[in-house]
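Structures follow.
Presented sequentially are two complexes of subunit A, the first with subunit B as partner and the second with subunit C.
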Partner chain A sequence: MANPFLRRATEYIRDAEAFLSIVSPAPLTTFLAGHKRQNELFDHPIRIIGSPGTGKTMLATLAEFRMVETILSDLNSQTNRPLARALADAGIVVDQKPHVAAVRVPMESEYRDFWELPYPPHIKTRLAFWLLQARALLGLIRGLTANGKRDLSQIRFRPRADYDAHIDQIGGLTADGVRRRALAVERAIYSVGSSLVPPKLEDLPEDATAPYDPFDAIEAVEIDWNGQPLELRPLAMLDDVHELHHEQLAALFDVMSRREMRFGRWMMMRLDALSPSAVLQSAGSPPAANRSEGRDFIDVRMQVDIKKADARRKFRTIAQDIANRYLPMIETFRNRDTPKIRDLLSTAQPTISKSKLDDLRTRVDRSQDDLEITSERRHSIEALVSEYVTNVVPQMPEDIELAMVRILMHRYDKRRANSTPSLFDDGDPDPKTPLEADRSVAHGAMIHLHHIYKRPLHFGIEALCDASNENAEIFLNYAGALVAEVETRAIRRRSLMLSADVQQTVLGDRARAIIDAWTFTHASKVRQLVYKMAADCVEKSLEPNASLDAGANAVAILESDFENIRADDELLLVLKHALANGAITIERNYGQGGKLWCLVELTGTVCLASGLTFLRGGFLPKKVKYLREAIADA
Partner chain B sequence: MREHWLNCITHFDGKVDDFIDSYFTSQDKRALLVAAAGFDPRSRRVTELLSQRMGDRLSAIFIREERPGANEALQSGADRNEAFLRAVVPDSVVTEIEIFADDGAAIGGSQIVGELLNHPFGTDVTDVIVDMSALSIGVGFPAARLLLEECERRGDCVFHLLIASNPDLDDEIRSDPSDRAGPVKGFAPLPSIGQDGDLDVAQIWIPQLAQGLGSTLAKIGQQFPNRYKVCPLLPFPSRNPRRADDLVTEYVTEISEEWRVDPRDLVYASERNPLDTYRLLSRLKQRFDRAMEGTYALQMILSPIGSKVMAAGAMMAAIDHDMSVHYVETESYTFDGALPRDTSNAPEGASTLVHVILAGPLYANFPTSLTSTEPEESR
Partner chain C sequence: MIANTLALNLIAKVMDWDDIEATQEYEWLRLMAGVKYDGYSDFAAGAGFSEALVDWLHQFQPADRKVAYRFVKERLVYISSAEMQRVIESFLPEVVTPYLRRCVAEDNGIEAHEVWATAEHAKAFSDRMRRCLFVGLSDGSRIDILRRANAGRLSQEQVIPMMNVDNEKWRSLGKDLRDEQGHDAKFQDVYLIDDFTASGTTFVRIKEDGLPKGKLPKFENIIQEAKKAIGDDFPIADGFRLHIHHYISTTQARAALDERVGSVASDMVNRSFDAEFLSQDGLTEGLLLGDDLPLGFLSSDIKPQGKVEVESDGLRSNRSSDEDMIKLCEDVYDPALFKRLEKHCREAGMSTMCYGYGHCALPLILEHNTPNNSVPLLWAETGTPTKPLMRPLFHRRDRHG
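Right, the complex of A and B next:
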């Protein structure tokens, strides 16, 4: 079997048991159960927004009725129990019974094709909307009968009050009638959208033009549940609505967000479906289809909506949970105790070779000579570093100590140059701001050693999680590459734990492969932008005095300048796609030095590929022109 | 079912020249040629052959596929080819087809259909020729189907496919796929799920393996997570006898682990003869239909992304048996090889020339389904 880490979660969907054994309830708990308006998630239209790989499809599949029924059918199973708890927390299960009949409707490219038909926009929208309603009902009925627990005669639809007149147009209230009508509508409308030469407007088939509004008409579904009647809230989860044209999506959203509709509607989309200003969270970004968030619809953002440092900590738990579910699926581990992902990744500090260490010593001595630093000053700097090592990191390797000394000598030189000369200057004045040896200098030293001597920088489970920017798919991609290496070692009967060197090589190669494989819109411009930013950040990080400590991994534009970029500027479009596809992150109104900045940060993937730190905060102040030039001529 | 396609008229290489010499030199022939005017060195060959024999009896619609961000070298290659084509066929129009909409969706199929409907061919046209050599399948397939069906409807018009194929050159042209997979316009029939609509659909995906296109096929395959079976299509016999082996080596992970292909499901078709691909797919369809009757609704999905000749055979099967064709549109091309000014002087054997006649009065004695106005009923 292929490395399960490297397969998309959607490939497991065909087999409920296989899917449930790998799915983590964490996204359900984090994004739905923990949502501040969790009680209203089935009443209002919901936009579930996330980058590719954040688990939208996985979440929708888990919420589908057939999966919920499978989970509830065996609550003694260790796999099912935590999933059932998460479903209950999200309101999908109540009293160990389903509360919602949910169906996932993939918005395949055929819906987008309707936008190319030679009809007025409202007709094209209506055709696509009716097709998706028909498919939602067909999928819902299929889901309700999928596990063989009931047949069509045990399913009935309850109409909204005062909607009795609409019952005929949806095929009645029986599952059989509703299904037949939905099939007829699907066939008629599909044939229009997929035809080589679309029929004239007046020649559209009757089933494609007769009124059909089941989302308006249906309020509840009644089914037989273990011999008892049970009423369920219907819910259509439209997956990948970003595939639609943006005008088509706006029109469809307008139709779907009618308040009186009782059929639940979740629209799952990638960030790039939103306008650049909405993605980049500009102030005063226009509302979606003249509806306002909070009142007419609710947004669920599949990113942890708390401080980024907390988000990282939270994601580390989610990621390890996912990885530990995948590991037992690897055949090689079946005959031995399956290890935990944490135990496979060594966190022991690597050391550079003796010859490199000798070279480093020479380099430090040369710096001392070049900077004309006295022996006494060097001794005092070495004492500072030794004190830090003794008190804080007793196991610190010598190479980091030496690199720290070198950085501090350069810092001393800078501070000496900036101090006012004294008549009694002996060439070794004490700097106004005393030197400090601390964690940040150590980080700077590690960056220097990584670039000069290829000493590993990114290793250990926390680095693996941080490299993923809270994206489960990216995490699995990196973890999969590491696990493949572990598998080889298992076959060769060697120790499973990967050294820092191996981790760095595997992760770096994978990061570069991910960037090379970007094929989204404006990918080449995005690639050019991040490589330019990364090159400048590396240059800054390698300053001998490590002025930004662990170095830079971002550029910052003054917020006032960024706000002035026109909404239709190509730069915003490129930044939107970069953000939506995990090349950069953006933080607005980042306060630093008494100014507000728009921080454009490189993601873990780019940092891995370029040897930059994952630590946040180091940035290069730039102008908008810098970004514009970086994407030119791609 | 078009019975005559199982054994229709085909010519290869030198015989194509002989056929053109003997057929198109006849003064009562007036032909419409639809061909690409892109950077591909094969854009010129067929046009040049025909124009030399037909002179002003040849008219043409040249299609220039426009992709955002095409590099300058390819643009100038296409400009040179376009100028050449305009010069050799004075009665021609060059149509620019935008392959992508502003949201990145592939719309080339809809665009070409609209353009061809805007340029209906006159009743004096006796032959319609589609040169598939340098057309992408997103444009070439809908164009060919539209024109074929029009010729079949008229009954007195001959429909030809011509392909200058060079799989080695295909391997040299690198393409960056877009991020969306989907059906080719006009090639996405809804599977028939029985009278009561109670049959489950069994999707059989038949990807044509081609060098360096693993990520493209992976994107297409992700559209069918519930597929019933995958039957990879390999070129054999082929000009390079090891090509099939090389492809199996390249795709070993996909075949054995991702798609979990039963070795008996690998299928082979000649790289040189489109009828071989057509016959193979027709046979598969018959067998699956027989095996699944009353149990599943069969949906065969083709992804002919490799050799143009095999793609032509796949297109014939898709048209004749209502199969789906899924692909990923190419966002950009990279071609490091020299762009020859005139490929007609290319060394013998560099390209294979294939000619197929799919419809026309010469098949009048064969049973054909599309003489009826209600094709679904008569099939």
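Right, the complex of A and C next:
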């Protein structure tokens, strides 16, 4: 296979074992296992919402019965053990046996076309719903028999209590009967949707109009499992429901979110299928289809709900695991010991050239002169920095030390200017708030050096992971670019490890290419917005005193101002698409300085492209007007 | 075939790429080698495109290697087997069918789109199709593919793989047709099919004595001889419509054929085919390569550089970006190539092979063999094994010389 990082490798593998060897259980553990309402995920209708690349389809594929059965068939396997654990944590497996019979139903195909039929909306909805039910049942039965462990006679369906009347509708309780009925319904409804000229209502085939509600009627599926009967909760996972017309999706959601339904149903969609206020999690966002989130349905957002630092830490482990599974698939590494991704990315601090170092020294001296800082004060600042270096970062290169000194001199000047002058001042007063040389100043120094001297800022495995905003697909995109470079070095018989310079160049180029290739709705406005934000963040970050330490990578609007933006405002629409497509993240009610803010953060991709820090915390307080101006006339 | 990492390493060395440039180029090289170039008939496992490219680039001065590589990357046109198959498959539905539909429509006084509206006219169409004879002119006609692609639509008895058939075969073709369509049935349309034309001279050219030479006069002679021998049993109607179809043609060849075929045909005495039809509608092609494909056109205003024969004119480039490549062709050219192919070249009135046969200056490769109309820089091998002069990228198996 060509570089598996740069294509969705899992979508090209048909064999279950081969798929399992490269798949990561991360989506299960991150988004389902820890969910606060995990016990209800098979009872309520669930909306699983995520940006492209967050692992929706991977999650659905892993949860499908045939895959679960494959995993459980060999728990001694090193590949299968962590996957089985993840499935258990997510509630799909209990006591090393399947608890759920799940089937993935892709919604990309002709369901959307049903909305164009010349029938009343409730008929169109019913046709699409019955078709997907039929396909879900057919897929479920196929999945239950896929591994050859049982035949149709060893599968039975248990109806809901008091739903005997529906049994005939669905073809009885045997798998054979259910399958025949589902086939008939599918055939009939498909013929309606695919015909060149849709039939008149009165001419619809009988199988397309006779009542058919297996999702209502079926409560459980009974199968033979290793010679013993086992009862499973049925679950239909509708993948990519955002492909439907938005009215169709709303209508279907209304039908599927009836709480009495016992057939589990997950609707997997991209973020931009929701309304702007739902995406931005505005307090007053209208309920979906007059249903209430939490009571009538549950949202599982495939983005981090837990603390960002924890999420980052978790993702770093997951991402490296994914990368280390993909590396052996690279042709060039096949006949040699495949290195781990961590070992391919140097974290050795780069150094700037001698001429640049001399220039830096001159710059620092000039700052001292311009600020009229005494030699004694400068020495004391240098001593602070030296102490930090000695105690905390003994290998710190001289350029960072010098840049830290420069920052601290500027901070001293600011603090000196803010202090009350005294008759006894010798022009070198101690600041009220003592100066500190610490990690945050070092970060600020690195940002300065990056922009002034092109010193690499983003390198090493942690930077690679953090650049991805916990999105596996984005991570693979960046990792793929780096691995392509490693492969070149392997071909050219050189040491495989990439220097910081090479990593920065490759990642920066890739980030800019990603941004340039955005073609989603309102992409040009989003591009204009993020570049404006980035430019202003860079300007702030390059303040000589590095007032925000590592600098800014976000703007913040007062929460009360943001909440007042009208739901139909174009700004919210642009922000929604920016969020849904990985340009920004938004955190509501972010507390800072005794106020609540709506924090609009640039994602790792934009920070990479613009030379900004990945560290959180630094933001520019702005008004709503700033965002409006940023997207005007794009 | 997997791109040989050793070859990739050497390419980077030969081209003096840094790692970042090498990474980008490796992606392209692997893609193109894997999808197309490694399929070239002359390549084998371990001796594929990447290996040939190293050797080819190595012959140039370092400063010229970038020009040569850019030429391969940006100007080379490679027709793979799969692409050729598509052109062959499209012949019947896209060339023959619309023509026959128009004929049937005219004969019946209806519109072309009404031909299949009634059973009667649909039968008229299929009868007319049956009265077409398809004649392959060379191996490149790929009559085997044509037959398979049109199984059920064409009869075995209306397709012949070569124009040299014996009288027994002519009789057999005629009998089969009469058995199906009545004793008066004869072929009304004859398609002469060939794979590729670059200069148009293979089909018809005028010799020094003023007499026409080429496949068209040859076919006419065959028809005339067969008619004399077989008489009324000859299966092709008098005044039949002759079609000349090339799967791939250059614009230059098409223009040459347009100019020559009509006049030559009109001059033929007692010709068997409808010359007016041939010159107006009889020439077709599956894929017409654009007139900006060649590196340039011969011009007496331009003097060639390098080792090109003294009496030759030079090439005026189509694009300014081709000037470097033309110069490279001239620098690397070995006049021994012309000597080897002299007889064939002189027939075409050429005095150099620097720009390919017919001065076509094409950057074209066909998967089964590189045409000699392409610049020899791509295909020629001269010198000796121990002292090679011109080294090929896509080596050509030469029928001439």
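Just so we're on the same page, the second predicted complex is superposed on the first by the 602 of 634 C-alpha atoms of A that agree within 3 Å, B and C clash if a C-alpha of one lies under 4 Å from a C-alpha of the other, contacts with A are read in each partner's own complex, and residues count from 1 in each chain.
Simple rule for what comes next: a residue touches a chain if its C-beta (ideal position, glycine included) is under 8 Å from a C-beta of that chain, and two chains touch if they have at least 3 such contacts.
Small disclaimer: the values here were computed from a predicted structure and weren't measured.
Student: Just subunit B (first), just subunit C (second), both, or neither: which does A:Ser194 touch?
Tutor: First partner only.
Student: Looking at the overlay, does A:Arg179 come into contact with subunit B only (first), subunit C only (second), both, or neither?
Tutor: first
Student: Counting only touches as set out at the top, which of subunit B and subunit C does A:Ser560 meet: first, second, both, neither?
Tutor: So A:Ser560 meets neither subunit B nor subunit C here.
Student: Of the two partners subunit B and subunit C, which one touches more residues belonging to subunit A?
Tutor: Subunit A has more residues touched by B than by the other partner.
Student: Just checking: does A:Thr332 make contact with subunit B only, subunit C only, both, or neither of them? Give me first, second, both or neither.
Tutor: A:Thr332 sits against subunit C, while subunit B stays out of touch.
Student: Go through the superposed model and pick first if A:Thr488 touches only subunit B, second if only subunit C, both, or neither.
Tutor: A:Thr488 sits against subunit C, while subunit B stays out of touch.
Student: Contacts for A:Glu110 in the overlay, against subunit B (first) and subunit C (second): which applies, first, second, both or neither?
Tutor: In the superposed model, A:Glu110 contacts subunit B only, not subunit C.
Student: Looking at A:Thr433 after the superposition, I want to know if it touches subunit B, subunit C, both of them or none. Which is it: first, second, both, neither?
Tutor: So A:Thr433 meets neither subunit B nor subunit C here.
Student: Classify the contacts of A:His245 with the two partner chains as first (subunit B alone), second (subunit C alone), both, or neither.
Tutor: It touches subunit B, and subunit C stays clear.
Student: With both complexes overlaid on chain A, does A:Thr521 touch subunit B (first), subunit C (second), both or neither?
Tutor: After superposition on chain A, A:Thr521 lies in contact with subunit B alone.
Student: Do subunit B and subunit C touch any of the same residues on subunit A, and if so, which?
Tutor: In the superposed arrangement, which is not itself an observed complex, subunit A uses residues 2 for both subunit B and subunit C.
Student: For a test of understanding, state which residues of subunit B touch subunit A in their complex under the given definition.
Tutor: 69, 101, 103-105, 107, 110, 113-114, 117, 142, 145-146, 149, 176-183, 185-186, 188-190, 193, 197, 215, 222-223, 225-226, 253, 257-258, 331-332
Student: Hey, which residues of subunit C end up touching subunit A in the complex?
Tutor: It is residues 2, 5, 8-9, 12, 19-20, 22-23, 26-27, 30-31 of subunit C that touch subunit A.
Student: In their shared complex, at which residues does subunit A touch subunit B?
Tutor: 1-2, 7-8, 10-11, 13-14, 108-110, 112-113, 115-116, 118, 179-180, 183, 186-187, 190-191, 194-197, 243, 245-246, 517, 519-521, 524, 634
Student: Could you pull out which subunit A residues touch subunit C in their complex?
Tutor: 2, 331-332, 484-485, 487-494, 502, 505-506
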